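By letter and in written order, the chains are A, B, C, D, E and F; residue numbering begins at 1 in each of them.
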Amino acid sequence: MELVLDFLGRLVTQFQSPSLAFLLGGIVIAALGSKLEIPDAIYKFCVFMLLMRIGIGGGMEIRAANLTDMLLPAALAIVIGVAIVFIGRVTLAKLPGVRVDDAIATAGLFGAVSASTLAVAVVVLEEEGIAYEAWVPALYPFMDIPALIVAIVLARIHLSRQKSGKRAPVKIWPIVAESLQGSALTALLLGLVLGLLTDVEAVFAGFYDPLFRGFLSILMLIMGMEAYARLSELRKVAHWYAVYAVVAPLAHGLLAFGLGYVAHLLTGFGPGGIILLAVMAGSSSDISGPPTLRGGIPTANPSAYVGASTSIGTPVAIVLGIPLYVALAQALFNP
Amino acid sequence: MTHKATKVVIITEKLVLRQVTGIIEAAGATGYTIVAAGGKGSRGMRSTSRPSVVDEFGNVKIEVITRSREMADRITEEVAARLFENYSGITYLEEVEVLRSAKF
Amino acid sequence: MTHKATKVVIITEKLVLRQVTGIIEAAGATGYTIVAAGGKGSRGMRSTSRPSVVDEFGNVKIEVITRSREMADRITEEVAARLFENYSGITYLEEVEVLRSAKF
Amino acid sequence: MELVLDFLGRLVTQFQSPSLAFLLGGIVIAALGSKLEIPDAIYKFCVFMLLMRIGIGGGMEIRAANLTDMLLPAALAIVIGVAIVFIGRVTLAKLPGVRVDDAIATAGLFGAVSASTLAVAVVVLEEEGIAYEAWVPALYPFMDIPALIVAIVLARIHLSRQKSGKRAPVKIWPIVAESLQGSALTALLLGLVLGLLTDVEAVFAGFYDPLFRGFLSILMLIMGMEAYARLSELRKVAHWYAVYAVVAPLAHGLLAFGLGYVAHLLTGFGPGGIILLAVMAGSSSDISGPPTLRGGIPTANPSAYVGASTSIGTPVAIVLGIPLYVALAQALFNP
Amino acid sequence: MTHKATKVVIITEKLVLRQVTGIIEAAGATGYTIVAAGGKGSRGMRSTSRPSVVDEFGNVKIEVITRSREMADRITEEVAARLFENYSGITYLEEVEVLRSAKF
Amino acid sequence: MELVLDFLGRLVTQFQSPSLAFLLGGIVIAALGSKLEIPDAIYKFCVFMLLMRIGIGGGMEIRAANLTDMLLPAALAIVIGVAIVFIGRVTLAKLPGVRVDDAIATAGLFGAVSASTLAVAVVVLEEEGIAYEAWVPALYPFMDIPALIVAIVLARIHLSRQKSGKRAPVKIWPIVAESLQGSALTALLLGLVLGLLTDVEAVFAGFYDPLFRGFLSILMLIMGMEAYARLSELRKVAHWYAVYAVVAPLAHGLLAFGLGYVAHLLTGFGPGGIILLAVMAGSSSDISGPPTLRGGIPTANPSAYVGASTSIGTPVAIVLGIPLYVALAQALFNP
């Protein structure tokens, strides 16, 4: 009961939090027909700043961290990413009116990670004063890449079975390479390596870190406008996608929260880390995922998976997911 | 002195640009020109690699001046066969006159 | 197999893009392609919605492949009549050959 | 006499103020044929930052403000915006060689408000240590929208009278909607609402506010280059536009100053607020006005109204107008 | 009513854009349209005024609708003679039909 | 010996310095096939910020500086810029398989100055706590323009001799004007004038200066990616270009260091200033030089000169050059 009240209280407060306010602002102005344009170059730059900030911050922390502490959470990230896709394969893909490859692509996107949702969670934790192992955001690729790979592999198995009855072998490495070479993971990993190996403290503290929240606010505005713009696409596909997009983020987040709590019991993984793990699981990729899936599962309809993720999945993951995990953590750790 | 040549125009999703230029180079064309484009077609939407609100130019328009009509047809058919089942796009041909005949 | 079609090209101010695409859709075309363009013409200047020093591309070039010559003429005349009195712009037609005849 | 000396002193000093220096720098490098290019994306981003800063700042203040204090100045803003257009209708439009619809469009643009001129004034006030009611910049739309609407309505009345002898009805709401949906007013109003309703203090104080002056300096540079570039257009139209563009900003500013002073006597509206009201009146719209007028009065020649505003109106409003109103306020309030 | 005209297309390095438009204006054309373009040709590379990693559009595509075939030929030959020895570029002609014949 | 150790120590440390780390990071991700894209608008903005920061900073210092102190270093800058081109004319241009005009263009580019290399040196000096006359970066155009002019003049003399046997006169002024109107020098000189004549301290201290390092880091990343991308072009031209690109930056830097030391003995020019002079000499222009040369020596093959400069020259100038001059200065001045 207290949990519910705490969650609702947080929900109300969060509507005033800047990230969410910009997200909702974006939805509202798009709905009102605003012609506001954020140039593509600024959008890309916001994303770059975000990923560099998360990467460098993570890298600087890993230096100080005990590497063995990271093993279990990293393994969990992989397990969660893979599990989400299989769950989608046996639920969404079985629903009437849903094409199997569209469903697999959607599950892949929801298994992958949204850098901007993760960034919002980082800001919320900092505002709430909840400590977290700063290397946790660096687990991003451990969940992201496996989810995309498994989705592409499952889709190809399905397609080759449909066609010929027998399975054609799927090459894994090109999919991994393509993910890593994509702009999102490159920036994140570059930041990670720079933070780990070089003296970037000054430029981090004087540039990437202070500007991070501002650019995040702009990115949220864009994502809000985008969420509204994509709604019309979602209307063209089976309504099951909308149902999945509401339920899946919270289900995935809670699953990850539970596994994170097990890690807490086993190795002392902290509450902030658990929340971030849940946020990553509950988020759906908005930057790197779609083009990878478009290339890897070309027969899948992007209106289905991008529509579900951008229009509903991301708003749900941010608006409902983040306060839910924070409330859960408060209930469990500061009862 | 000018002489006749055939221009192939391909309008498709930016995502498959590399595959298109691969087909063009494999066909032996001497070059190609790329322009960023937006548009609307039968599929109604474009590739989704980035927010549509910030990027009206999710398509590319690729033009190839070909020496021979056969090369033009080969490129057109290859692109249509290999890409247009899964990606949106159109292709068409135009007759042009080139000046530096030696180049093509 | 290819067959003949008519391409309508409209070059005009970005400001009236929505009106042009409205005319195109009303005429029943299957799609259109838009490219950012700059240029100089008889009016000497373009729309002034933003500093010209930062924006060389105040024009748009819109291309429509039409099934029939009649549709092409209709679009051309409509655009000229409704827009070109007050906005700068030109329009012209080209013969093209399309591959996927079914599409247009 | 003292007033004149104070004004001249300010004028000289202001030539060293950064905003003005960048504006003049832009004019000079354009005249010298510089190929410096500020990318369109950066220009749009500067404008966005400016409007968000003004909007959020205004919104945060309105929260604390006494709403009744705002009523009279808001009403004055509307009156001034409308009056400027009517003044143009009976002066500029009657001059020889001036087409009526061109004149009305020009008056509409001078009635509307320039966000960048307003931003320069805000910086000057802060540098001079002159307090102002922080919600005054938020009056922007109260002057801007009525001016544009009245201009479009007057032009249509004129045109329909020319054609048919009888007046066709003009729909007001689409013009209001188009103004509000334009990128400038959306950003300003979005900022206002966010500042009013949500906890954006952190991102305001850490991003929008500190970066504001820097982006304003870049915007001034662009506007200077643009002023020079448009001069050639102005030469193509009647020289009366140049005369109007020199006289109107100061006349409008002084009119607004006078009305603001009346509000001071009636309700205690402060000197800083009066100055900003005068600056808004004296400024001419550079971002949102031109496309709205281009669409609303398509027969009017943009070379006339944009040329007059950008090449002469804005430099006069900034270089002469701002120090004039500050000197006046000093003379009146700290004699 | 439409009538025939010739469109000159020039694709070359952005660096020489001013020289190309100078030639076009000197030839007496009523206007031209410019589009940013990327591409690959026999020289394999483009002008190097800025990092290629950030700028895929180092070329420009310039189109001129000309009243007469002679003007088209003059522009084409001038551009080829004055620029294409040192700068990369191609040029070709297309037949088009213009609507507002008075404009060209 | 100690010098060598000091240099090697610095070299190792510098690999952790942020500027270098971003440069190497860019090379590595390009080599790994990353699809990371920094938008052109952001690249241009980074360059603009850098040049404005250097220009304004220099201008503010010149105000305080004793102008006669600047005379000798400015004269040296001119001498060095010119000398580098003549050295290239009698070395690189005589090598087998090297076309004379290609060689002259290459020497011109290496005689000209790289703003980004200079900016890295400024950051290194600030980190190392080595003082420098802040007007030294403002000597940039004194070395840059003469080098480009001499290269273009020498190339035209060569070409006209080839063609007709007799020399056609070369007009100098258009080349100077074109250099000054280019985006790089305009921004630098505009900053200089603004810093010299106006009160830009606030916007400098609040915007241009603090953001400078961050944007420099992004620029280094771009330059690293670019260096890798251009390597393939370099392979198409004679391997002598690669040899020149390794040797020339250090040779030019040491020459300038020596001349700077003479100035130290004569007029007390400081160690920081000497280092910056050497860095300017050792750098090769990446922004303004290439288009000027492309226009001025159209017959020269840009693959040769841009490839040599971007792929090898700049990395050598930054990675080896800067620590070398710092080590030399330490050895000479703090023995």
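Just so we're on the same page, contacts are C-beta pairs under 8 Å (C-beta built on N, C-alpha and C of every residue); 3 or more make two chains touch, one makes a residue touch a chain.
Bear in mind that the values here come from a model prediction, so they are computed numbers and not experimental data.
Annotation of subunit C and subunit D: not jointly contacted by any chain, touch as defined at the top. Common neighbours of subunit A and subunit E, by the contact definition above: B, F. Farthest from subunit F in terms of Cα centroid separation is C. Most remote from subunit B, judged by the distance between CA-atom centroids, is D. In summary, the pair subunit A and subunit F forms a contact in which the copies contribute largely different residue numbers, shared numbers making up under half of all those used.
Averaged Cα coordinates give subunit B a centre that lies 19 Å from the centre of subunit E. Centre-to-centre, using mean CA coordinates, subunit D is 41 Å away from subunit E. Per-chain CA centroids place subunit B at a distance of 47 Å from subunit D.
Residue positions of subunit D touching 2 or more other chains, listed in rising order: 37-42, 44, 211. Residues of subunit C in contact with at least two other chains: 35-36, 57, 94-95. Two chains count as a pair here when they touch; such pairs are A-B, A-D, A-F, B-C, B-E, C-D, C-E, D-F, E-F. The touching residues of subunit C, counted against subunit E in their complex, run 9, 11, 35-42, 56-57, 59, 61, 76-77, 80, 84, 90-95. Those residues of subunit E lying in contact with subunit F across their complex are 15, 45, 47-55, 86-87. Here subunit E touches subunit C in the complex through residues 2, 5, 7, 21, 30-36, 65, 94-100, 103, going by the rule given at the top. Residues 15-18, 21-22, 25, 29, 32-42, 127, 210-211, 213-215, 217, 221 of subunit D are the ones touching subunit F in the complex.
Residues 39-42, 44-45, 48, 177, 180-183, 186-187, 190, 193-194, 197-200, 202-203, 206-208, 211 of subunit F touch subunit D in their complex.
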